[in-house]
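Working notes for the structure below.
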Amino acid sequence: MIFRKDDIIVNTISRILIPFIQLYALYVIMHGHYSPGGGFQGGVILGASMVLLLLTRGYDEAKYKFPEQIATLFSSVGVLIYAGIGLLCLFVLGNFLDYGKLAALLNVTPSHARSLGILGVEIGVGFAVMSVMYSIFLDISTGGVLPEDEEE
Amino acid sequence: MILPFDLIIQIFVVICAVAAITVKDLLSAVMILGAYSFFMCLMWAQMGAVDVAFTEASVSAGIGTILCIAAIMKTTRRTKD
Amino acid sequence: MMEQAPVLVVVIPLMCALLSPLVGWIKKEYCYPWAMLTLAASTVCAVITLNTVIHNGVIHYYLGSWLPPWGIEYVVDHLNAMMLVLISGTALLVAVYSKKSVEQELPDKVVYFYTVFLLQVTGFLGIVITGDVFNLYVFLEIASLAGYALIAIGEEGAPLASFRYVVLGTVGACFYLLAIGYLYVVTGSLNMADLAKLLPALYGSKVILVAFAFFLVGIALKMALFPLHIWLPDAYTKAPSTASALLAPLMTKVAIYVMLRIMFTVFQPSFSIEILPVTKILLWVGIIAIFSGAIMALAQVDFKRMLCYIIVAEVGYMVGGVGVANAVAIKGTILHILNDVVMTVGLFTVAGIITYKMKHHNLTDFKAMFKKMPFTMAAFVIVALSIIGVPPLCGFFSKWYLIQGAAMAGNWVFVVALLFSSLVNIILFFRIFEVGYEFHSSADAHGHGHEEAVVIEEAPLSMLIPTMMIALFIILIGLYNQPILINIIQFAVPKL
Amino acid sequence: MLEFIVSKYNFWIYIILMMIGFYAMIAKRNLVKKIIGMNIFQTAIILFFISTAYKTGGATLPILLDPHGHGHGAAESAVAVSQYINPLPHVLMLTAIVVMVATLGVALAIVIMIYRKYGTLNEDEIIKAMK
Amino acid sequence: MRFISFIVTVLTGALLIYGTVDMPNWGDPNSPASKHVSPRYITKTEIETATPNMVTSVLADYRGYDTLGETTVIFTAGMSCILLLRRRKKKKAR
Amino acid sequence: MEVTLLIQAADESFRLLEKARGQAVDLLNTAVKLTSDTRSVEERKLQTFLSSGQDAKSGFQNFIATFVMLFAFWALLSGKFDLFHLSLGFICTFVISYLSHDLLFANVRVGDIRVIIQRFIIYMPWLMYQIITANVHVAYLALSPKMPIDPQVMRFKTKLESDISWVTLANSITLTPGTITMDIHEGEFVVHALSQKVADDLDTGEMEDRVAHVFMEADHIYIQDVLDVARIFGEMRRAA
């Protein structure tokens, strides 16, 4: 399923659409405060754009942009951002995930610090969800044997 | 009070659910499941749960269907029930 | 940092599970010490928490500093704290034990195995510590997903067993979620303490009744109570030995913990005892589970499968103990949770050692084992005697309290069931001992006349030490059961 | 009676869907069909939760219409509870949807493992092949 | 088998319908679900978290720990899929 | 006599010039074709080696162009222009353009982009008009009791060169009711048409010419226009 097919229409359209989809996904992540959306939805859209890239350009090209090792790394890093923000609150003598205590570090009001904490958390969720969706799709569509391994 | 719009969507949801489990081709079943998810998401948007509807549209109707199709491509479309 | 210990118990395994793939990239061999280190740290935190609870009473920890019912809170009382120490300690022992077994059974999946292993422990700890019904669901799903994966990588036939577990486990989790929904509709709260405050006024409502029924069915699916146990034997027999040593003792006991929590904390004890005949049903289900588990165990030729049916019977003990519903029986139940975790983990580690040495786990593989592996078999004998219920070992005491409680309530059938199960256990284990002493094998047929030379090939130390430790714990818990009862379990028993 | 049925009509829909999904999960022999049933089952429960969040009488989406009341003490107290839909079930269901897709992924991975070994997705045939 | 599953399904449905009888009506603004916990989220979200979207503020702040669990669920799923399926072929030693 | 001679000489020279023109056109066409062939080969190569194929300069130009477009898209979506959100937008857009600048403008000559957008905007109303007329036609087909449809599959070789123009043409054909592009295989379009009329409309090649104009690929046509000496000599003859 992840080998490049020379369907010119699908290829070109997806080539043009992918940057916009990705930007839209980032918009959804960043504007979760004001409109529907947030880290999870944006992450899924971002992951879907990566899957689109994989489906249209094939794994040989997609691996230049998003190799599977990076996907595994990012899925760790995403949750680490989340849990790390939570742990950071422990070091400023708050409870776990108490973003209000970060106000002293960020030099803003507590409510604003909570808002920023939410933003950071959403970014972490977005990272994790994107890379996990991509890696699950890669595993399921190849059955776990990546094309580069098969050549041996 | 039941709005006609609601009623239509609900009927479609039930039809899609029944069709998804009765149809004898897995690829069709998965595509119908995608349609089911989409109707479900319309229903939730109608109820004011825009966030959930958004998530459902991107997850179930999007990634979920893609994953199912990938798995079916990797396995088989045939089914006896 | 002392007051942060409750959250660190969960967050340390979580963070380290996230870092585990990165550690594995540096060098594959680092994952094993990493997991060990993590679980040791988590155990230390759990012990600190238990100590605090014993000295200062119940701990409330507000995540994000939001007061309940708006935020999520951790409530650590004596039962929680005991479960925390139990889970993290067991996981530590299993992690120490896992090295050789994982290297042999899953040589190219070591890194991700330990990641999922740590996530599994995180899930269990999260279920046990939380004071919020929905948070419990989330961690239940973490534990379940990790469990599905750990089972599915086992030997031949494991994927199908795991798939059945996926289907039934999802049904269970969804029933649990539905029950939360029903409670939420009529109370508007998700916090356990808050629910306990709001619910008594609504006990007449049909919604509450249905919610309670769905709670019980969902949790029964997870704990493999008798008619719903069909997924368990296949799953735990075919899982890799490390995974079954982690899952088999903990998954069912965590589910029983959740049942206790729901029945006696979220709902008043009087609800399930007086208003609904739930405890009577549970008592009879427990009795049937004990009988069927014991009888099915007799019919097995596979050692691990036999152990699985013993688990089904043991679940029957605990559910029946809840069903008897007096203070003594529930004291016995909670003590039995503790004992059963230790005993089951002992049995499965022995099964793992047999699998490691013989590549199978049939009863016939025990042939001449007493000579080949004297230390392992000594530990095995201690565990087996404890399961049977021989006095100085821990299994005796919990059974004693259960029988005492049942006798006080006049439930003689339950007493008979417990005694019957002990009898069956005697048969089961002495059959294995008999096989283990059989030195005269086919050598006689050839007329050689001399005994077959049996070389001592003891299990590797990394497997042997945890097994011996478990045997030691069984003796220690048996000897010091009074301090445990007085300091911890006495406070965990609900006021009936 | 009719009023009773009409006033809770969303609940009936969810019960029907849940029964369909549940039946597919336990009665169908094809593994992917079971997964589809699982999906329907979980979606039905989500529908139930969303239904509990709804408020009639002009309640709107759970997003504050005028977010510039920042800093004015009087402005916030004007936020009427009945004006907005209850956000809590939505949050819970976001989590449930995530759990749903995670379960789906793991289940499909297991299905692929099974197919790789036995070459079929029918449970009866797999059991026959195992013996 | 099919018949038994049908019976079980119908029993479950009947139990659910039985429970629905006592429920508050659909969309009742005065149901306990709308009165007990959620008003604080609606009225205080702007003051306490400076986030107009209540779903986001509840998701990531009031009940942020659930969301950490949710993200961990996703992570678990990803790791499980890799654990179950990925079979790296050994590269030849060069 | 002189006049006749003059005319003959003029005719002679005209013929010569005509010949020369023909040769020149052939030569130029071949040259254009060659360059376009090499270019398409080059572009295939670029497409395959996305990150390494393009030189740094055009890569940077692509990056800037992508950045501007995406940032405009962000501003359109966001609608919040305080410093915080703009800087967020800047970072996001920067990341995406860094990741995907080779996708959006992979096969487009960078200098032409403004003209292309201009012409594309002009092309849109015409397409709209086509769609509306075709809609009316298809509605007539569907509503008339006899259903005078004549479904057919037609193939034609296009003179367009780049991917983007092929896709625009294909999508324009598909957008117009009654015709659907089924496949494009090495420059050959396979189109399903509902009736003879829509097939004829497509066969006139007007849409193709317009798309070629939009993407500045009418090179052949322009050269012929410039070198069209026949008209000049015709004038001369008439004057004589």
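Per-chain residue numbering starts at 1, and chain names A, B, C, D, E and F are given in the order in which the chains are listed.
One rule holds in what follows: a residue touches a chain if its C-beta (ideal position, glycine included) is under 8 Å from a C-beta of that chain, and two chains touch if they have at least 3 such contacts.
Every value quoted in this text rests on a predicted model; they were computed, and no experiment measured them.
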Co-neighbours of chain F and chain A - touch as defined: none
Separation of chain F from chain E in steps, with touching chains one step apart: 2
Chain located farthest away, centre of chain E as origin (C-alpha): F
A-D or D-E - the one linked by more C-beta pairs in contact: D-E
Mean-CA-position distance for chain E and chain B (Å): 18
Geometric centre distance via CA averages, chain D-chain C, whole Å: 30
Between chain A and chain C, centroid-to-centroid distance (C-alpha), Å: 36
Interchain centroid distance [CA atoms averaged], chain C/chain F, Å: 70
Residue numbers of chain C (touch at least two other chains): 14, 18, 21, 63-64, 134, 138, 141, 145, 148-149, 152, 184-185, 190
For chain A, residues that touch 2 or more chains besides their own: 34-36, 38, 40, 72, 76, 79, 83, 86, 96-97, 99, 136, 139-140, 143-144
Overlap residues in chain E, where contacts from two or more other chains coincide: 16, 20, 23, 31, 33-34, 37-38, 41, 47, 50, 52-53, 55-56, 59, 61, 63-70, 72-82, 84-88
Of all residues in chain F, those that touch chain A in their complex: 48, 50-51, 66, 70, 73-74, 77-78, 80, 85, 88-89, 92-93, 95-97, 99-100, 103-104, 106, 163-164, 166-167, 170-171, 181, 184
Contact set on chain D toward chain B in their complex: 6, 9, 13, 16-17, 20-21, 23-24, 28-30, 32-33, 35-37, 39-40, 43, 46-47, 50-51, 53-54, 59-63, 85, 89-90, 93-94, 97-98, 100-101, 104-105, 108, 111-112, 115, 120-122
Residue numbers on chain E that touch chain A, as the complex places them: 47-53, 55-57, 59-61, 64-65, 67-68, 70-72, 74-75, 77-79, 81-82, 84-92
Of all residues in chain E, those that touch chain C in their complex: 15-16, 18-24, 31-38, 40-41, 61-66, 68-70, 72-73, 75-77, 79-80, 82-84, 86-88
For the chain B and chain A complex, residues of the former touching the latter: 50-51, 53-55, 58-59, 62-63, 66-67, 70-71, 73-74
